[in-house]
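Once you scroll down, you'll see the structures, which are given as structure tokens.
Each of the next two complexes has chain A plus one more chain, namely chain B in the first and chain C in the second.
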Partner chain A sequence: MTTSSQAAGSKLDYKEFDQARRYQARLVREYYANMYNAIKNGAKVAYAYVMGNPIELLMVFDIVPVYPEVTSLQISYKGGAPELISAAEEFGYSTDCCGYVKMGIGALLKGGDTVIGKIPKPDILFLGYSGCQVYIHWWEQLKYLFKTPVVTVDVPYYRDFNGHVYNHDILYVTKQLEDVVIPKLEEISGKRFDEERLKEIVYYSREAWRYWREALQMGKLVPSPIDAYFEAIYYMSVITLIRGTPEAVEFYKFLVDELRRRYEAGVGPTEREDFRIVFEGVPNYPFFKRFWGLFKRWNARAVASTYPKVAGLVDVGAFRLNPDKPIESLAEYMIHAYCNWNMIYRLRLLERYVEEYKADGVVIHSIKSCRSFSMGHGDLREYFVKERDIPALLIDSDHVDPRYYAEAQLRNRIDAFFEELSIRKGVEV
Partner chain B sequence: MSRVSAQLSSLEIFRQWYEDSFTEFKLVSEWKDVNAGYALGYFPVYFPVEIPYSFNALPVALYGAEGRINLDIAIAHTQSFVCTICKSVFQLGAEDRLKAFDVLAFSNICDVARNLSGIMKRNLVDKEIVYLHFPIHNDTPLAIKYLVDEYKRLIDVLENVTGIKYDEERLRDSIKQFNEKRRLVKRLMKIRREKPWLIPFTEFYVVVKAGSVMPVEMFNKLVSKYLREVGSRRVRPADRLRILIKGNFCEQPPLMYMKTIEDAGAYIIEDESLIGQYWIGEVDLDGDPLVSLAKAYVENPSPLTVRFHPSIDKQEYIKREIRDKKIEGALFLSPKFCEPSLYDYVIYKKALDDIHFPYLHLEYEETTSSFEHLRTMVETFVESIMFD
Partner chain C sequence: MARYYVAGIDAGSTYTKAALMDDENNLIGTAITMTGVRINQAADKVFEMVLSKTGVSRSDVKFVVGTGYGRFKITFGDTQVTEISCHAKGAHYLFPKTRTVLDMGGQDTKAIRVNEKGEVIDFVMNDKCAAGTGRFIEGAAKALGLELSQVGPISLTSKNPTKISSTCAVFAESEVLEQLAWGHSIEDILYGVHLSIANRTIGLLRRVGIVPEITFTGGVSLNDGMAKALEDLLKMKVNRSPLTMYCGAIGAALFANERLMIKQKVV
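Here is the complex of A and B:
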């Protein structure tokens, strides 16, 4: 199953083709340095969510966004989750509450001290209610605990089964941004709204999305130069944290170029590409690399996945930012967070990935913490296996809580899946 | 009302509808046949029942199956860490037990219910499924306008299904009936607050749950009769603890679970189990009825866990409830895996900690079948307060 270019490529030093990951790490460090600097200089801090977030608006007012979902996953990646989760559980949160919430609240209960540094307290809670009901409850907890004001944008669920976004949905979100959110941000920041600045930020966001889309779609190439799940999770941090800036655009241009070079040299994230999989679900952060290793050892590459698009389903053209209509296009963007799509549309998206990216099967990683992502994963598996004869594997653990990661069981299930795929595909392993 | 039903006491009729409301829905089908009508089943917590009723569609709350069916199919389609009501409603659909319903309705009460709407659609392809987005930006007038638009969308669906055109007057009549229903339920609640020994909680529950299925006129007539029966009762009060229960607003605890709590030495003065049946309160009959319904939701000053309202202070509310209703202890009952209930628990708990008020947190599932542990826990809780 190995092509001549792949064989030649495997002898090349992969590090040379893995510079974008280091590049993004540098940008993330700079983002935090800038954030701390701005806070030192008196900037207001807004806690914000990743999905469907109109961060461009906060940027206009120089309000510093902090993403507790991102800090939680980073803390978890560095092994710091248990003590924060314990702090929250001792405070009263159940083992069945979302791990992100418990870590975010646990960090604040411990004065903000974590393994990745001090997490600042919020001045405002920016509630972009898109794709996750727990978003509401999380900020509500903080509102009661710290008396922090909440700025709300209610984003209706993408609920029509025929692919309609209702006009009144877009109008409603647009009007909230115009009539409620902007005046509130003006009041909080003491700055006037500058539409020209918003247009410029939206322009840079659009460009970053454009190159990110191009990078993601390179998973269609055979062999794929990108692991569009495990590697893309690193790359997505730039679109999440610093879109709206020229730096983000430059990063994604660099990434596209690197992926092109990989393809031409015949190198990729695994030694060969024996299996092409579509990945659904949130990863396991405390054991991220080990979890990835369970797939790498089978030379399996994720050619498409959903999680790296939680910030926006850009690859299928669900939205397009428009600097000439910045607020309206942001409103439309907010509706198209992945988890804000109904399950029929999520299923069709996965189905489309399998076909367009010529995948051999679907891996579904379900996490206990997130019902928004995971409720219905069993139904997806039933559909692929029983109605489409597409191999599908359903496994579960958690994204941040290491208590739910049972590697031996996961490995058994994953091995059995690829053994079956090997027979089906005629791959010698 | 059929001739057989006419010879039964009101409570016996409530029991018939109550028993029918879990897995059978035969009385719903009968009603449809007799009235050439339709039926809309809705997932809890709140639904504007007045709208389908004005289309001659019986609105029925789908509160789960209380452990009366095997959940084998649902287990394959849903994760182990989701609540049981979601599994049982799915199972009812998969076993074709929801065939009486022409429309199934869901809303944004939680992530599980949201996703369940799509899963139901995929598995029940021919069923009309409608999903309402209830606004969360409820401290702005935009929310009312938005909700009116959502109700108009529901009307479009109902017009298509029933072939009946929307009629403002019919909706107003429907609101009138449901206002009366809610007033009657509140009268029952008042009796439970003032003389809880007159109506055991289990009986109250059967009556109100029956009301979540039966036609509203029938319910109103029967409750009026039932109230007369209750008024003639001679029951001696017992020395029990007055408790308030929060958290059980969606998935229902088995009736035996609630009975065990009362048997352990408590009077359940108020709980949230069927809150969706009365929470909306009195809907204004003047003006556009759709606007009135939307306003009643958006501006309702009572907290509802599944409705975010930025201006409502839940902590102050529970303190006031305790004071006004002379509550002596609080129970938080959370359905297993129910995040909304678990998050509100922490908010309320903090308020009670601040005033050193006793409470106990328990978890349940609609399939819970062993109650001895519960009895021990509640007895200990009650005794710790009564003999303090």
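Here is the complex of A and C:
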């Protein structure tokens, strides 16, 4: 199973080929520093969701975006979830409610103090994502607690089965952005809308998406120089937090270059590439590295996955930003949030990944507290196994709540899955 | 006369089992003990038990495969394989026409599809919840002041099984006490318990597809009530024998022979 270049590569220092991860960590730190700075200088704070947000539009008004999903996952990654979840549960939230929501509410109930620093309160709540019902109530809760105004865009569900977004749907969202959102943002920020600036920001976004797409598609190489799930989750932070800037474009150029260097040197995220998997679902953040380790020990690399594309399914060309038509192209982008896609289309996407990325099987990680991402996971598994004879594994824990992570059970299922794949693929274990 | 022996040790959540095999895959002996908290000690004990039963000396055992939840704690094991692969192999060894394996243990229920060689094609397990596993039967037995071994035979005398909707292992005792309060007989409650678990299990089996023959393995396969409930609902025969509870260990011993052969080839 080991090619000579890989064997040689495994002796090289991987750190040398793992600079992009450090680079993104620096950019994330800078994003927070800039955010605190801007707030100190009087900038307004908008809370926004990762999926399908037209952040480029908010940037025109120098409104600072804060993504409570991202702060929740970062706090959880650093081990700070239990106290925030407890605060929300003491406040009255059910144990079954979404962990992101509970952490977001819990953080503010505790005055914003968390292990990753102070989380600022919102001046405006931007709601432009209809893929999750619970999220709508999250903003309602904050509106109730802090009297924060909510700016809502009603985004139609992606209901066509042929990969087609209706023009009238795009027009419907465009009109809302023009007639409702822009005037509201002008009012809140006290600044006039500047279309030229929007075009420039959309241009940088498009360029960042372009290189991110290239990086993601390098999972097609055999062996894959990227773990398109576990590593991509680090890399996705840049497109999520700072797209629309030249810094984001530079980062993704660097990443593509690093991945090329890896491929040429025969190194990758695991010692060898024994298994190529397609990964579906949200990761477990409180035990992220241990969870990853359960796959690494089998020399398994994720060659494609859905979750790192929650900010946009750019790799399959779901949307195209166009600086000449900035608002319309943002409207199209908003409709293409992954959880806004219908189940059939999500299934076809995974199927396409298995074929195009030459995967050996599909791993589906369902999370207890997110039904909009985890719905249909049992059916997906059965479809792959029964209809397509593609090995598929369904495991579950939670994205942020450590109480739902049972490593012995996960390991047992993962090990059995790779034992099954070893037989199929003739890999000696 | 065998040139050497191999062993499989299955450290399950409740019991630890051992199987000893010769170099030609003939099963020489089995042993069982409670797992307890010191898994390696239980594994060592059960290994000694099977050796003394068979008169084989430890130095003649060339390869040991550990399986079960405690497999990584078996320090004298040469390698580990999951009990999913082991049960599949063990079930196929005992019943070569096996295509579907149902393994019911203390905390886990697994439905496994296997090919004609006993290799895993697909599997599903109960998730994060021991409802509908052996633990529920244990809880019910405890609430009724019965030994686990009495549960199956008593349940077979039921005339009008009680409908039990909740199979939560944690609430097993209160569920049973509630049914007693309603005036149901012990045998009806017990067979109701088995039917209810069987129903849940069949749902799991359907997820991998029910292809005959079905072999029932794990500790619960010794329970006649459970086997009858499964056969009643599935309307087909379910393979089992006094050895099916050792399937994990037997499969591990078979893997031991395979791995040893690969190792010898490499060396």
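Criterion: the second predicted complex is superposed on the first by the 428 of 429 C-alpha atoms of A that agree within 3 Å, B and C clash if a C-alpha of one lies under 4 Å from a C-alpha of the other, contacts with A are read in each partner's own complex, and residues count from 1 in each chain.
In this section, a contact is a pair of C-beta atoms (placed from the backbone, for glycine too) under 8 Å apart; a residue touches a chain by one contact, two chains touch by 3 or more.
The structure displayed is predicted, hence computed values, not measured ones.
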Chain A as common anchor, with chain B and chain C clashing or fitting: fit
Partner chain(s) touched by A:V134 [first = chain B, second = chain C, both, neither]: first
First, second, both or neither for A:L109, with chain B first and chain C second: neither
First (chain B), second (chain C), both or neither touched by A:I188: neither
First, second, both or neither for A:D396, with chain B first and chain C second: both
When both partners are placed on the shared chain, which of chain B and chain C touches more of chain A: B
Chain B versus chain C as contact partner of A:V165, first or second or both or neither: neither
First (chain B), second (chain C), both or neither touched by A:A265: neither
Which superposed partner A:I39 touches (first chain B, second chain C, both, neither): neither
Partner chain in contact with A:Q409 - chain B first, chain C second, else both or neither: second
First (chain B), second (chain C), both or neither touched by A:Y383: first
After fitting on chain A: smallest Cα gap, chain B-chain C, Å: 5
Residues of chain A that lie at the interface with chain B and also at the interface with chain C: 368, 378, 382, 396
Touching residues on chain A, where the partner in the complex is chain C: 368, 378, 382, 385-386, 391, 394, 396, 404, 406, 408-409, 412-413, 415-416, 419-420, 423, 428
Chain C to chain A touching residues, read off their complex: 69, 81-85, 119-125, 127-128, 207-209, 262
List of chain A residues in touch with chain B within their complex: 91-94, 96-98, 101, 129, 132-134, 136-138, 140-141, 144-145, 150, 152-154, 156-157, 159, 161, 166, 168-169, 172, 175-176, 179-180, 339, 342-347, 366, 368, 370-372, 374-379, 382-383, 396
Chain B residues touching chain A - in the complex, by the definition given at the top: 75-82, 86, 108-112, 114-119, 121-123, 129, 131, 133, 135-137, 140, 142-143, 145-146, 149-150, 153, 308, 310, 314-315, 334, 336-340, 342-347, 349-350
